[in-house]
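Read from first to last, the chains carry the letters A, B and C; within each, the first residue is number 1.
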Amino acid sequence: MTTLLEPIADIGGAAQPLLDVKGLTKHFPIGGGLFAEKKIVRAVDDVSFQVGKGETVGIVGESGCGKSTTARLLMHLMPRNSGDILFDGQLVGETLTLRELRRGMQMVFQDSYASLNPRLTIEDSIAFGPKVHGISDKDARALARDLLTKVGLRPEVFANRYPHEVSGGQRQRVNIARALALKPRLVILDEAVSALDKSVEAQVLNLLTDLKREFGLTYLFISHDLNVVRYISDRVLVMYLGQVVELGPVDAVYDGPAHPYTRALLAAMPAMDPDERTMEPPISGDPPNPIDPPAGCRFHTRCPFAEAVCSETVPALSSVDASGHLAACHMVIPGSGHSRAPALEAA
Amino acid sequence: MLIYVLRRIIYVIPIVISVALVCFLLVHITPGDPLVAVLPPDASQELAAQLRAAYGFDRPLPVQFGLWVWKALHGDLGTSIATGRPVFTEVMRAVGNTFILAVTASLIGFILGIFFGLIAGYFRNTWVDKLATGIAVTGVSVPHYWLGMVLVIIFSVTLNWLPAVGAGPGGWAWDWAHIRFLILPAVTMSVIPMGIVTRTVRALTGDILSQDFVEALRSKGLLERQVFRHVVKNAAPTAIAVMGLQLGYLLGGSILIETVFSWPGTGFLLNSAIFQRDLPLLQGTILVLALFFVFLNLLVDVAQAAIDPRIKRS
Amino acid sequence: MTAASDASLQAAPVHKARGYWATVGRRLMRDKVSVVCAAILLAILLAAIFAPLLHLADPYQGSMIRRLRPIGTPGYPLGTDELGRDMLSRLIYGGRLSLLIGILPVILAFCIGTSLGLVAGYAGGKVNTAIMRTVDVFYAFPSVLLAIAISGVLGAGIVNSIVSLTVVFIPQITRVAESVTTSVRNLDFVDAARASGAGPFTIMRVHMLGNVLGPIFVYATGLISVSMILAAGLSFLGLGTKPPEPEWGLMLNTLRTAIYVNPGVAALPGVMIFAVSICFNMLSDGLRSAMDIRN
């Protein structure tokens, strides 16, 4: 009998979100010195969202919108400027240690090669985490082999190989096994399938779905690929220049996008059906510089519906309908001053 | 660009101060009393105390350092214990000779190094490349003081073509009577920069030639001569940085060659300062050489920035 | 429990590293130049260590009547020096000191510089600034000048030579170690290891060292070549050991006057320095390309 890591006990019950992020903010200072003016990149700016137990939440957005920074902040891999990250209602440093958090929350990185130590065999890479948490070498290896089977790799073939000796898809399976080795409750998948070929991507997505069911996992799925996010997510969160612009159940957002940015993103998405191809021009221009984001709504410089209010006031995330569909756009805020905004309901 | 230069200059200030501090402390970690060298063995306590006060050795260390720096800023590096002459004068006279030797050696080394490096880079993995890299490895591995001896054995002792030691009669002049003294030490000294520049240029050329843009230039129909211009343009910043550093090493590291050839430069001065335990002279020579090196580095950085658009922007 | 996990973590990398180093070793063995260089170095090293077992002439015993015999004299295959001592014996015995003062500083600097560079690179921030700015100060001196300055101030002697050379090489190795560490530090697998809850020392030992040591090791091997030349150079100037001790640099110095009488013998000690130096350089190059495993 091997001694394995105990599953992490649930604390707040099913109603309490597994992850509750409040006002997460990360600013990177750049430059600065004798003659250079100090500038600040607002990589993540006041981001709040929740991930329910057993849910898969997708985060989409263009590159540079702060998706990956958000992931690293959640893992506590870099210090944040402000904001709270509650894991099952617990705050690191109060009722939860960093080590405990990092057991409960694991991450799969985009670059399958860079995220494995080239000097360790696959088995050792997977066994490293459990050993850090006190599992014996023998048991950790047994666990690693068991997990290899679970992610669809035959241990007798792969356990003693080095990362450069296997394919990209296989490496990503190894990374998934490594993340699962600590029996986490939440797995952050940061562009985990983005670098893979389409056919391999589909296999890994199916594997993720199966593993979720088997281990009762919760996923935070970060990707720039809207199709993939729709396929795997229950709810989706759209980020633009470090801020959440739209958030809601995946079908509600995809079928009735409320924010012009989401609409533009969806319009630019390659249709699976050639008959549904859009001839509409996609979103124009590059995203503005996050060093110096525009005032008011950050999207107003590229928005076809921008009006005076958009460059003056920052729109708050507001309900679009009762399903929990929120958008940060003056066009959904009653009485915002935008000509397309709904009228204020009479009290 | 101006801002970059200003930033680099400001960055050099703490380095210069630290270099001065290291030079100063160097003498104070010395075992024994620095006065031993000048004091007659039967000197009285009184005389020792007098001399100690005269040289300022009786004050607290930070005060000594402050005074030393203050004087150094005014060109006063103290008096040589052995000769009684100002250190500054002695060092400056020697620096000129070292400069002649180091610059000549660098020129020989750089020209040969660039030549070998280019052909090795262009004909990668052919016998030409193997020969050039072989010469380069030999250049960096040969104990140059020994090479100097071997050259003396061949050209002075056996063939009697060139003089073995010295720098010629009287002061330096660019005539054959003096240049014949320069040839052997300069050639000896040139092997190290030759080897290093060959390696650098070979690696740079090889890397640049294997990049896609060269392929693009060729497919555009550019002549090999025009492609070569692009190679030079891309290799120049790094090559210049390496060469500047090498010149600095030669200026500061000439002591072995100067000893072999009795060349009256800073190395020779350093050698006699060490063996006569003439600490002010030792300290002054090291300080001047190190400062030369720091400013040469600064110059190289600025030159590199001037020709490399990527540095200017960052 | 923590102790047990710690022991098992230590066991892991040793078992792994063999896979990588075995490949490097195999590739190195296929490179003829490296094999020849390694063999020459090994021969010189073994001869120096086991010199007393080789039935050589006494390296200290001179004779006024047989001074400066040429190479090939019966009984003195490599001739005799200016005091009539057997050159072959002195060259072999000379390897003991010359190799010691040439190699030991690099080994010491490797240990100290790697630790400093690893800490600076992994910690980053203020720790990095403090370590690297100090290193910069030593970089402001040309290395030959620094070695001679320290040696000159400390005075002649073997220990002083070793100390001065170590001080010269520490900044160089620290710089290499810091830059390699920083680049490895930014790879995702280090973040993945942090994400699994491991502490900085476990990460450095298991994940950083194996990836960082190789490049630093190659650099240090090349540095031995420089160190041999500098160490013998210090002795050549009279800053190393004292006569009648056999040491290549010192022998070269004392034989300088003999170049008019017997140039062949006078040049011999330099040939030894040259041979060791070039072999280490070639071996370093061979090791570098053997470690460059890309599939």
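Methods note: a residue touches a chain if its C-beta (ideal position, glycine included) is under 8 Å from a C-beta of that chain, and two chains touch if they have at least 3 such contacts.
Source: prediction; values computed, not measured.
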Between A-C and B-C, the pair joined by more C-beta contacts: B-C
Chain occupying the most central position, where position means C-alpha average: C
Farthest chain (mean CA position) relative to chain A: B
CA centroid of chain A to CA centroid of chain B, Å: 55
Rounded Å distance between chain B and chain C, as computed from the means of their C-alpha atoms: 23
Between chain C and chain A, distance of the C-alpha-averaged centres to the nearest whole Å: 50
Numbers and ranges of chain A residues touching at least 2 other chains: none
Of all residues in chain B, the ones touching two or more other chains: none
Junction residues of chain C - those touching two or more other chains: none
In the complex, chain C residues that touch chain A: 1-2, 4-5, 8-9, 11-13, 15-17, 19-20, 187-189, 191-198, 202, 206-207, 210-211, 293, 295
Of all residues in chain B, those that touch chain C in their complex: 14-15, 18-19, 22, 26-27, 29-31, 137-138, 140-147, 149-150, 152-153, 157-158, 248-249, 251-253, 255-256, 259-260, 270-271, 273-275, 279, 282, 286, 289-290, 293-294, 297
In the complex with chain B, residue positions of chain C that touch it: 133, 136-138, 140-145, 148-150, 152-155, 225, 228-229, 232-233, 236-239, 252, 256, 259-260, 263, 266-267, 269-271, 273-274, 277-278, 280-282, 285
Contact footprint of chain C on chain A as seen in their complex: 72, 75, 77, 98-99, 102-103, 106-107, 109-111, 114-121, 124-125, 127-129, 131-137, 140, 162, 164-165, 175, 178, 181-182
